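Naming follows writing order (A, B, C, D and E), and every chain is counted from residue 1.
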Amino acid sequence: MSVPAAYYLSLSALLFTLGAAGVLVRRSALIVFMSVELMLNAVNLTLVTFARLRGAVDGQVLVFFVLVVAAAEVVVGLAIIVDVFRSRETVDIDDADLLRG
Amino acid sequence: MSSWALSALIAIPVAGAIAAGATGPRRPAAARAVALAAALTALGLAAWVWITFRPGESALQFEERLAWIPAAGIGYHLGVDGLSVSLTALVTLLVPVAIAASTDQVLERARGFVVTVLLLEAGLLGTFLAQDLVLFYVFWEAMLIPMYFLIALWGGPARRGAAIKFLLYTMAGSVLMLLAIVAVYLQGGRVLGTPTFDLPALLGRPLGWTPAAEALLFGAFAVAFAIKMPVWPLHTWLPDAYAEAPPVVTVLLAGLMAKAGAYGLLRFCLPLFPDAVRAWGPLFAALAVVGVLYGGAVAWAQADMRRLLAYGSLSHMGFILLGIFALNVEAVQGSVVQMINHGVSTGALFVLAGILIARTGRARTDAYGGVAAAAPALAAVTLIAVASSLALPGTNGFVGEFLILLGAFQTRPVYAALATFGIVAAAAYLLAFVGRVFHGPLRSELRAFPDLRPREFAVLAPLVAMILWVGFVPGPLLDRSEATVRALLRATAASTPAPGTAIHARRPGMVP
Amino acid sequence: MTAAVVLIPLLPLAGWAVLGAWGGRWPARVVGTVACATVIAAFGAAVAVLRGLAAMPPESRLVTVDVYRWIAAGPVVIPFRLLADPLSAAMALVVAGVGALIHVYSAGYMAGDRGFARYFAYLNLFMAAMLLLVLAGNLAVMFIGWEGVGLCSYLLIAFWFERPAAARAGVKAFIVTRLGDVGFLLGIFAVFGVFGTLDFTTITREAAQRLALGAAVPTAIALLLFLGAVGKSAQLPLYVWLPDAMEGPTPVSALIHAATMVTAGVYMIVRLHAVYLRAPLALDVVAVTGAVTAIFAAAAALVESDLKRVLAYSTISQLGYMFLAVGVAAWSAGMFHLTTHAFFKALLFLAAGAVMHALGGETDMRRMGGGLGRRLPRTAAAFAIGALALAGVPPLAGFFSKEQILGETFASGHAALWAVGLLTAGVTAFYITRAHVLTFGPAAAPRGDAGAVPHDPPGIMLWPTAALAALTVAGGAIGTLEIQGPLGRWLRPVVDAGVAQPVPGTASASAAAMGTAYWLPLAAGLAVSVAGLILGWLVYARGTVRGAAPALGTLLARRFYVEAFYDAAVVSPVRTIAAWSAVFDRRVIDRAVTGVADGLGRGGAALRRLQSGYLRHYAAFVLVGAILILAYWIWRP
Amino acid sequence: MDVVLFGITAICALAGGAGVILSRRPVHSVLGLLVVLLSLAVDYLLLDAQFIAAAQVIIYAGAIVVLFVFIIMLLAAHSGEHAGIGAFTGPAAVPVVVAMCVLLAAGLLALVTRPVPAPSGGGAGSGPVPPEFGTIQDVGRALFGRYLLPFEAASLILLVGMIGAVALGRRLGRETTRT
Amino acid sequence: MSWHDLAAAAPETLLVLAACAVLIQDAWAAGGALEAVRQSTAATWLALAGVCAAAAAALWLPSSPATPAFAGMYVRDGITRLADLTALGTAGAGVLLADPYVRRTRLPVGEYYALVLLSTTGAMLMAASRNLIVLFVGLEVLSLPLYVLAALARRSTRSQEAGLKYLLLGAFATAFFVYGVALVYGAAGTLDLGALAGAPASPLLGGGLALLTIGLGFEAAMVPFHGWAPDVYEGAPLPAVAFMSVAAKIGAFAGLIRVFPEAFAHLAPTWSPMMQALAIATMVLGNLAALGQTNVKRLLAYSSIAHAGYMLIGVAAGGAAGTGAVLFYLAVYAAMNLGAFGVLLLLDRRGVEADRVDDLAGLAARAPWAAWTLALCAVSLAGLPPAGGFIAKLYLFRAALGAGQTGLAVIGVLTSVVSVFYYMRLAYAPFAGDVPSDVAVRRSAMTGAALVLATAGVLVYGILPGSLTAAVQQAAAFLK
């Protein structure tokens, strides 16, 4: 492991922040969703890095579960987005403001 | 020793409430009858307890003790002593009075009304009987809810605001007391070894407070009780609540609930925090005096008879507070008796106000005039109740206020002297009330004003009898509380040495 | 004996209970009979008590009756104790006697009134309270009576409650006397603080040991108790209620506001003379107050046009005399004047009542006259006897008691006070002559509405009047001019009990050594009284002197602006304070509370606006939370 | 060598990430995401996580991204325009968002760039690992051994995904009402 | 895996089996219909049977001493048992409450119940987890069905919006959670909670715990991670809200207990201030924001935020007292919250949910028992005796004062006074005013049964809380 772990971790942190920024700035539900996927991937990088650092496979196991969760969330999420789109003809989350106060 | 009487006393109103609730929505008379029967049964039992109570003993009698939540140190512990035995009887006396008086004054949803009143009675009785801090608090808060509904559902036009104000104000005070109760419990656990909420157990040993902690906890308890009484300046829920509640409910509010505050001061603050009581006594005495005079002055300026009586109540509760913090036997005895007296006389006055309002629908005194000509019996009974409120000798009010002022004069002469002017203020506002309503030319629209009906007279008769009986023969009442009050004051006079604060100078036994 | 003592207040009390409960349904005849019977029986019991005491050796004339243990709380143990001694027995006799006469009179005066039963119930209750006050064995029991008579006074002044003026006057009387009662109560508390008891015999016995002569404590106690007396007995500055109290039925004025209740203050001071003897300063205050009140009220009576109010000011003035007497420690002189005043002032009031009875309730002297004296000859004669007694003309009762007071004052060395008293005597003679002349004399305004022809009242009203007239004529005999007259000797066991050793400068000490100084004041007093009478006659009957200084007239008519001063300095400010307190309560105290609630509500509304419905905002909350928590962990303290 | 490779992947990943959040068209965002996924897969290999790298390519790049593309195509067929970058409710919000992100990144970097505390036994962990580390056998043993419970539970997650897709995806009898 | 493992996890296993059975039965019964109108209650009974079986298992399985299973991934101890029973009670009530609603509004019955059962399983898994991976998977098994449930009323755009917001924000929070797990793993080199118990403090570990808190705090609706709650509560179908409002809390707080007072008890001085700050923010915001609400669902959403704050007091206090108080509170909260939502489920305003406070007017005249139940639950939620809410708060404040967190306790009691204002509006509404013309009362035996259960719970916990108190004390006794 010739690349310092901190590099990977920093990359991960930056990617995580990018994802979070995407959630904050994008209005398309789809892209918000992709941003969340970006964040999860960033976390995965951290996990894999630590797994390597610790020489233990637990981190990688967790990455596996994150993958599973991401897949399931995407399935459910996209179903909801399609549903929303069917009734509103838009996936702009700023239009989803019936509920407030 | 009967070990069921007190539980039965609490259970009877609850059972009565259930039975009255089961009478069905279309037979209000039946509900009233059932409720009245339950209330009278409770009165009978309370009277039996009162009569068989052994005066001269400071210890708890009719004690009942069951494990309730043993894992948390909370017990079901009931008992009466000199402080509570008469108050318990008063509760059971005023509740049937209120229920009977409501027959003519509360016409809508009568079943719900009597059910709620009975639940309130159970809460009140529990408050006066509980000897476990948590049990006490449970009843203390539990009685708020029926009272909230009594005001909010059967009150005047601004009832909701008044009800929620009453509820929030009283709760704001009492939740801090809850924390203080828990703190006492924790400290008790440290000192006694086994944490418990049992009051006698906690009083068994000095809890070894630091002065700051004791002052804080005393403050938390005292504020809760002060709001309930109420003590100036924590009183502003009172005029709204008293004025908006139906007068028969105000009978319970002023006659009984306010007493819970004064009772709490005596029952908890004095023995639990003796040092703080002595240190802060002057402040409370000063607030009492302000309350006496301020309440009297503001009452004088009121046009609504319920508000007038409400501020008058504030003034009278000031006397009770002054008596408590005089910290000598005669004054505290005076306060204990005055709690009963105020319940009876203010109760009677609000029943009378209710009768007036029920007949005309008007609460402002200037809507009346010359009623004594049309209703001489009503005027006469009012006069007796007013005389009691004025503390005229020969009425119960005198015994209480005389002892309070006499006792307070020995320890705090300046405060007592100022408070004595409260009797002038009382004369001013009460006679103004009598003058505006009963005297002067009879208004033409009041020509057909009916005099007291037999049922109304029957409601008022026991109160009038109490006024005169206690006025001339206060002995049985005083005897029942004397030993307890003595013991209480002994406990208050004794300092609780705080461990590790030996340099902390002990204050002298009595603060002049 | 014991039973008789208890019966004295109990009988009228029973009368009250019976009349209060059933009187309304009984015919007037039965009501009147019951009411009078109870008081007459009480009078009989009082006579029995007096005779019983008289039968005892003078030193042991003391009977205490503990009816039951009344109040007991800690060190405060107050039995319901009655005390019969020469003082209380004599006073009870006077009260019950005058009371009985006035009860009888009332049966005629109030005939036909709607509130007949109520009136007698109140009157009986008053008798019970007054007799309890007199016979009380301790201060607390006395206070029952003290407040009881106050309550009855309120009820009877406001008896015709449909008249706003009457209702107002009742309230005023009650509140003003209550103001004095504050002092009385505080005095009681202080007495308890010093003696540990409120029992009169104990106080009298131990006063000399427990109270240092002239010290602050006895002075304070004496002055506080005197404050109660000032209120009850309508002395300066708390006299203002008594003139207004004339709104009540005239027999009430006679009984309560002339003969009995208003003298309670004097009686109380005599009862507690042992305490007062330890406070010379307080005694001086009492004397000065009495003297000033006497001249002040007499002056006020000069210009009053209402007959009853003239008598009211006269009462105030005469009460001032009594306080002057007790202020110079002439206890029995005070009691003597109390007694004679009860006779002649009640007589005057009853006669005035007869006039009102005849004129349909008219009290304004300016609308009387017109030969009323001829139409009501018996009434005019009765009034004249009373007036002469008041003026201090021998051999009527008033002469003896007044001269005794003036003599004692002079003998005690209070020359200035004596001079004031003397002047008052002249003014008194003047104003009562004026009243008689204006009421009964020939020179009068014509009566507008000639109703029924005025005539003397019926017998039931005349006989009590006659009895009082007789007492007024003969009453002087009980005291004579000597301080050691029959009354003085009778009271000696009481008034000497508090004297541990003779106090220099007081009347008791100097009483023995009067000698030549005795006749000077007597002559002066007599001369001044007669001069006053003659002057009054000249001015009002003959019209020889007219238009005395108008400025003084206005000043007098306005009673030296005392009432105006009270309105401006006390009543209005208190009313303003009350009104402002009510506003303060809503706007400040309550607003502070509702302000918290409003603030919370506004806070909640603001927080709810954060809940914008935009998902990205919620994500931003999460992010902000994350940043804050991370910051905490990175820079954790 | 590794550092160079890492540098390339890092640049690609960050560029891809920026592409995800800045692209006007969703398709470009998906492509950006794909770049990130593949870059990370390379990093996983660098970190001796062969199985994860493979799974990344298969599950993420293969399945999830395809699903995204699918949905984009589906929606695009109905609607021409797509929601772009939106400001917060006010113009002042942009610097706020930027500041928040900077703060978050700073916080995370502050945490991860400090020396990692040593675990019990072993240095900072850059040492060699056993050859089977990260292989499918290695991960598989863990999954079916110690991590059997979460593995089984993961099936529940997928079951829920299935139920959700079915429940939310099937056609409704009537038109949706806006309530 | 051995029989021992399966036996220890029998409650979860039984629930999963029941969920599958419900799905199969549903598919069988529905045939090819897209939106079948169900008359049969078979699915309901099946789900209930599963819940009862799981509850029986949870009751009878030994929990003391703690039984580890699945190679230390899973533990069955007192905490697990209490959380399981509470969660199963919630699931049972959730099923009972849902039955008439789900059939009336033609929600997919089988899927609905299956999701409820699976979500409950997730909460139970979180309570039983001894490993952060299990905690993570449990969290997902808990929350993913909730997202679907929120969006299940597909005819309603509000429901869709609720589902969308819940899912997107949930995924966002999940990312933080996993990041947190990753950092903890990096700092300590292990995911095992038992092994983490000795981990030395480091910024990395702290950061991990911080991010972990975000994920759990999101599910628990703690401020500032609460944004989803009011909107989702308002939009999601009412029975789903009733269920999720409790189930999510059970899972989240069980997870918090497993991580903070249990595993990181030794770091309490460092995380406790954070928890206190969160508790204060949560109590204050939840209660204040609820003050002016006129929509009952939103009002109860803010209320649930506030209650998260109260439970956080227990977490912040930590130790046996704090943990026990949280467990007790969860049980009481389940009863009173389900009771309050249950009464709403009786009402129907022309086919939509009657969720305005005004819709409750005059209920006492039409359905007195429902009115009394609502009043009782409101009183309990407000923390007033004689209801369970009082005892629950008493224990929380005792824990706080015992841990020396006086300020927290003071803010706790003061905000609960504020809460009385809006709870009393809820309690008062049924007894006053005129019946709105468009609101109908839909009586149902199942709803009634759920309400009876909730009422009994509230009263028993309030009046005879001795056995539950002893149980939580015993469950938490091993914590110092």
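What to note about this one:
The working rule: a residue touches a chain if its C-beta (ideal position, glycine included) is under 8 Å from a C-beta of that chain, and two chains touch if they have at least 3 such contacts.
Not measured: the values here are computed from a predicted model.
Chains that count as touching both chain A and chain C, per the definition above, are D, E.
The set of chains touching chain D and also touching chain E is given as A, C. Two chains share more touching C-beta pairs than any other pair, namely A-D. Central chain assignment: B. Criterion: smallest distance from chain C-alpha mean to the mean of all protein C-alpha atoms.
With each centre defined as the average position of its C-alpha atoms, the distance from chain C to chain D rounds to 100 Å. Per-chain Cα centroids separate chain A from chain D by 5 Å. With centres taken as mean Cα positions, chain B sits 63 Å from chain A. With centres defined as mean CA coordinates, chain D is found 68 Å away from chain B. Looking at chain C, residues 608, 611-617, 619-620, 623-624, 626, 630, 633-634 sit in touch with two or more other chains. In chain D, 86, 97, 100-101, 104, 107-108, 110-112, 116, 119, 147, 150, 154, 157, 160-161, 164, 168, 176, 178 are the positions where the chain touches two or more neighbouring chains simultaneously.
Counting partner chains per residue, chain A shows two or more touched chains at residues 9, 16, 19-20, 23-25, 27, 29, 32-33, 46, 49-51, 53-54, 58, 61, 65, 69, 72-73, 76, 80-81, 83, 87, 93-94, 96, 98-101. Pairwise, the chains that touch each other are A-C, A-D, A-E, B-C, B-E, C-D, C-E, D-E.
Note for the complex: chain E touches chain C at residues 164-165, 168-169, 172-173, 176, 203, 206-207, 209-211, 213-214, 217-218, 223-228, 230-231, 270, 273-274, 277, 285, 287-293, 418.
Residues of chain C that touch chain E in their complex: 600-601, 603-605, 607-608, 611, 613, 615, 617-619, 621-622, 624-626, 629-630, 632-634, 636.
By the touch criterion stated above, chain C contacts chain D in their complex at residues 612, 614, 616-617, 620, 623-624, 626-627, 630-631, 633-634.
Residues 364-365, 379, 384-386, 390-391, 394-395, 397-398, 401-402, 406, 409-410, 413-414, 416-418, 420-421, 424, 428, 431-432, 465-466, 469-470, 473 of chain E touch chain B in their complex. Touching chain C in their complex are the following residues of chain B: 165, 168-169, 233, 235-237, 239, 294, 297-298, 300-302, 328-330, 333-334, 337, 370, 372-373, 376, 380, 383, 387, 392-394, 398-399, 402-403, 405-407, 409-410, 413, 416-417, 420-421, 423-424, 427-428, 431-432, 435, 438-442, 472-475, 478-479, 482, 485-486.
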